[in-house]
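Labels A, B, C and D are assigned to the chains in the order they are written; within every chain, residues are numbered from 1.
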């Protein structure tokens, strides 16, 4: 239905009335500068919203909203569309009253104001953040229709902040005994997670206040959050109020009861923090309808918690044959990478997949390969190859292959 | 090191550290002294927890049931047998919980959900004791305290249910493996797969996430599918 | 005054009441996910706005709003804060009715819908956009107080679109005779500019619809604008409706009467499109007050229309001595580069400057060097080294050195 | 090449190209045939332009004055002498204009400002003629047309005032230079400069851009200066 209407604006004879009759905006005076001191998207973009998945959670404060990956370009996620995951709701905290404490195995416990943190040497880095439960609904079977819901607990931003190691050094942390760091939030849930000292020492872990050029959004932890590149989002503690250096991991609620991966033998894997290499085609993707046969640019996102994406292959025949996609530069470590591949759709059914590899040589698995090791009950860390079925009607459906 | 950055940061006072350093570790480092009985815990529970979690921690309406699914045999072995059953419906907190500190720490920091950090130390001990009693880990006349909590830990049904022998901790601290457990195939041509659709959404779920036409941009290479039932407005 | 109040929240005895008395957000339940399907900045960020410079223009539809560089991090400009320059106001155009025409020295003139353009292979690239008149008010003397007004006609985004060369090839353009391209907007001003075919041929010039992951904002040309990396913003035609291939430049109003650089001898330079290498320290910068002596991270932005920034030097003594600043990776071509340098302020007056060099070896000039060649009446392309005077009070002032 | 991308784009009709291809080049390529007299132009001007630009194009209130500052000598030489005078106040459109096509094209596409593209071809010729007459480029009884416009171009006061011999066109098309005209010094130590402040805002302009305290974030390494006059609310 949608397909039929498109293009018909062109009259058969003299031409398209959208050209022949000059539009209002060609013949009038538009709006003033700084109509909005902080601007908004076009009204025609109203469909591009983050959304909850109906029935997924029982409260809206311990819940998730998904980023509309099907409508995004490039690698930066607009901050207004960044996915949300809250355990006890979000807050808009007065930054002048916010404090960061550093304690534990340190020479002297320290307190920092935001003013002080923002005076320290900072770095700005592009990184993806993915919830460990992203794609979790799909472990057993297809459960949701679009890539917003299958993969939308994923976003990517330019983060600005102070390397955590700087603060630990200022406090005189014992970096030999202190092999773990606890990060703790200041909100109601006061989320805690154990952070690997190896990552901290590398300088990669940031105490961040900036996101995409401005301050973090309240939903993302304003005024301070931990950035733990390559690691699942739950470790990126929001409203960060404290870090503690210790010699053992903390077994926090989200390290002992959630974000543990149930294996077929009934054991749980604990401290599974890393997001392994993964990819998804966002155009075309589930719930969309192609308008026409002909040329398309298949495009999507690839990422790895272990470093850089090295290659992405795309199949349009359900995985029998693959072609290497173009990767958009710059390919950055622990960051989304946009890939694309030319495709001429002949109007016949097709099954579109992408498969990413990272610089460690890791290759993204099929559902069959993943389930053979981890079963279907893990909830977390589902990085299987996603399949989209393009039907003859042009409609695209989320499918899993047997 | 602080000398490198004159004027930035200051030493925390001990009162400040006390106010915020509330975490409790699996070895009970950080656990404040105190105690609470199952009976006192039942009272706390019914006053402050049951409205959301159900009188017996069985509620599905707010979150996972907290208690249930564990057996005396599990307490012996320290492994919850039901976790091996793919057909077992749902997993309660108690089924998964490997470390008692986790429960104490979480209740202390985050519960009641709408009034976190409102419980006294005694109330946290007590309500933890009550939940342990609901799961038959401790008897009804038990009083949980900082002195006996390590022994109770030794009765947790799933205390031996965890493993960190995997490649998904980014560091050497936990002595996991470095080799990933799963790997894909790099085959590029005529790969040995049969692309047969094994799972897709049933037609009745077509509109379960709302009309997808309204969840896609109105311009571009494609539109969102109109998923309203035929004939709907 | 502001300086005095800060830090005093810490009581002398037991500690800071912002720590000792747990804040409301530590003890309550916050807001729901998807409270905003498209989120907004914190209410505490209300000062971070784009602004007009009072008295600069006589109308608000032929005017400019400046990006608040003093408050931004990293290199990405939040789209809501992107500077604006309109000649006849901005519009929110229905993309389903927007068309792009390609004509002139082509085999067959073509028309594309947005649907069609968005099906073609696209690229995503980070580029700065700077108005040719940026810093123009300062050619003769200090005229405005803050870097928002001195340098704020500058922004940087990830742009997504189709290389213009793809469309020219589809139309069968004569790329030998056709050494110039006209780009034309669809709004009231129907802005036109001549685009160098060399740049088009390189694949760098994009017909863009995406900006920072979402569609262009209406103020920035929704749904289609030309992206001409390294070239002044006026060439980045908004509401792009047409491109024409020709064998001569067009001498458009903004190539013959404006965006021409008046030289001391009374001639104008015409077709001065390129933005030469330039930089500005944004922290600390004019109109700010340092809170205290002690450590600061001097940070700012550098860019070059000729390619990559190679080095940025920072002076705190008005240009007698310079130190090489750290450059934040990735350093991308024709893109902002964030630099920073450690500095301990001893409380004495200081004059802070930055000086950028690009990969061609070009070194950013002082006012003296620039004026020696171009005089003071050019209006456009002022890329002189900016000086900020830090007074003993901590107040920072815009100054020019003699 | 279009074959590479089946289904994308279509040929434009000639009516479509005619509707949009309105640009006029310095060689008058694209100029539609037609004409308009100074007298007719004066009428158009007073009806549709003078409200913003002033009856004689002298207005400062909306934009630069359009006309003024040119002399008969300039018309002879094709160079506007006042552009050499640093003390000359303001530069009118006519002082800078090197190509008559530019004026015709711009009025045709963009004026009147609030009703662009509403003028007939004849009106554009006429009002252009009127402006040229205001600047003494054509006499009061002149009728500008596509046939004589190239001759009028030869009388534009600043027709020889432009140069593209510079390094700021990113391509070889204009045969400018590649070597930048200005370069800085790469000196790093004890450089020969006297850091003397030669220009800064006068105190009375302190609040001219509003209170800068409200134009900086309320947290961070610094605040915005409070620029309200002492004693102001």
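Note that in this section a contact is a pair of C-beta atoms (placed from the backbone, for glycine too) under 8 Å apart; a residue touches a chain by one contact, two chains touch by 3 or more.
All values derive from a computational prediction rather than experimental measurement.
A.B. asks: Steps needed, at minimum, to get from subunit B to subunit C via touching chains?
C.D. replies: Each step joins two touching chains, and the minimum needed here is 1.
A.B. asks: More C-beta contacts across C-D or across A-D?
C.D. replies: C-D
A.B. asks: If you average the CA atoms of subunit A and of subunit C, how far apart do the two points sit, in angstrom?
C.D. replies: 27
A.B. asks: Using mean C-alpha positions as chain centres, tell me how far subunit B is from subunit D in Å, no decimals.
C.D. replies: For subunit B versus subunit D, the centre distance works out to 66 Å.
A.B. asks: Could you put a whole-Å number on the gap between the CA centroids of subunit C and subunit D?
C.D. replies: It comes to 22 Å between the two C-alpha centres.
A.B. asks: Please work out the Cα centroid separation of subunit A and subunit D, and write it as a whole number of Å.
C.D. replies: 46
A.B. asks: Going through subunit D residue by residue, note those that touch at least 2 other chains and give them in order.
C.D. replies: As it turns out, subunit D has residues touching two or more other chains at 4-5, 7-8, 10, 12, 16, 20, 113-114, 116-117, 217-221.
A.B. asks: Please set out, as single numbers or ranges, the residues of subunit C touching at least two other chains.
C.D. replies: Within subunit C, residues 6, 10, 15-16, 19, 26-29, 44-45, 48-49, 51, 71, 88, 95-96, 101, 111, 115, 119-120, 188, 190, 215, 223, 241, 291, 294-297 contact more than one other chain.
A.B. asks: Answer with line, ring, star, complete or other to describe the graph linking chains that touch.
C.D. replies: Graph shape, chains as nodes and touching pairs as edges: none of the named types, so other.
A.B. asks: Pairs of chains that touch, anyone?
C.D. replies: A-B, A-C, A-D, B-C, C-D
A.B. asks: For the complex, which residues does subunit A have touching subunit D?
C.D. replies: Touch residues, subunit A against subunit D: 10, 13-16, 19-20, 22, 26-29, 95-96, 114-115, 118-119, 215, 223, 292-295, 344.
A.B. asks: In their shared complex, at which residues does subunit C touch subunit A?
C.D. replies: Touching subunit A from subunit C are residues 6-7, 9-10, 15-16, 18-19, 23, 25-45, 48-52, 60-61, 63-65, 71-82, 84-86, 88-99, 101, 111, 113, 115, 119-124, 158-160, 186-188, 190, 209-210, 212-215, 217-219, 222-223, 239, 241, 291, 294-297, 299, 326, 328, 330, 332, 338, 340, 342.
A.B. asks: So in the complex, which bits of subunit D are touching subunit C?
C.D. replies: 1-2, 4-5, 7-12, 16-17, 20-23, 25-27, 29, 61-63, 79-81, 83-84, 86, 91, 93, 96-99, 101-102, 105-106, 109-110, 113-114, 116-117, 161-164, 166-174, 176, 180-191, 193-201, 205-206, 208-210, 212-227
A.B. asks: Which residues of subunit D touch subunit A in their complex?
C.D. replies: Touch list, subunit D to subunit A: 4-8, 10, 12-13, 15-16, 19-20, 113-118, 217-221.
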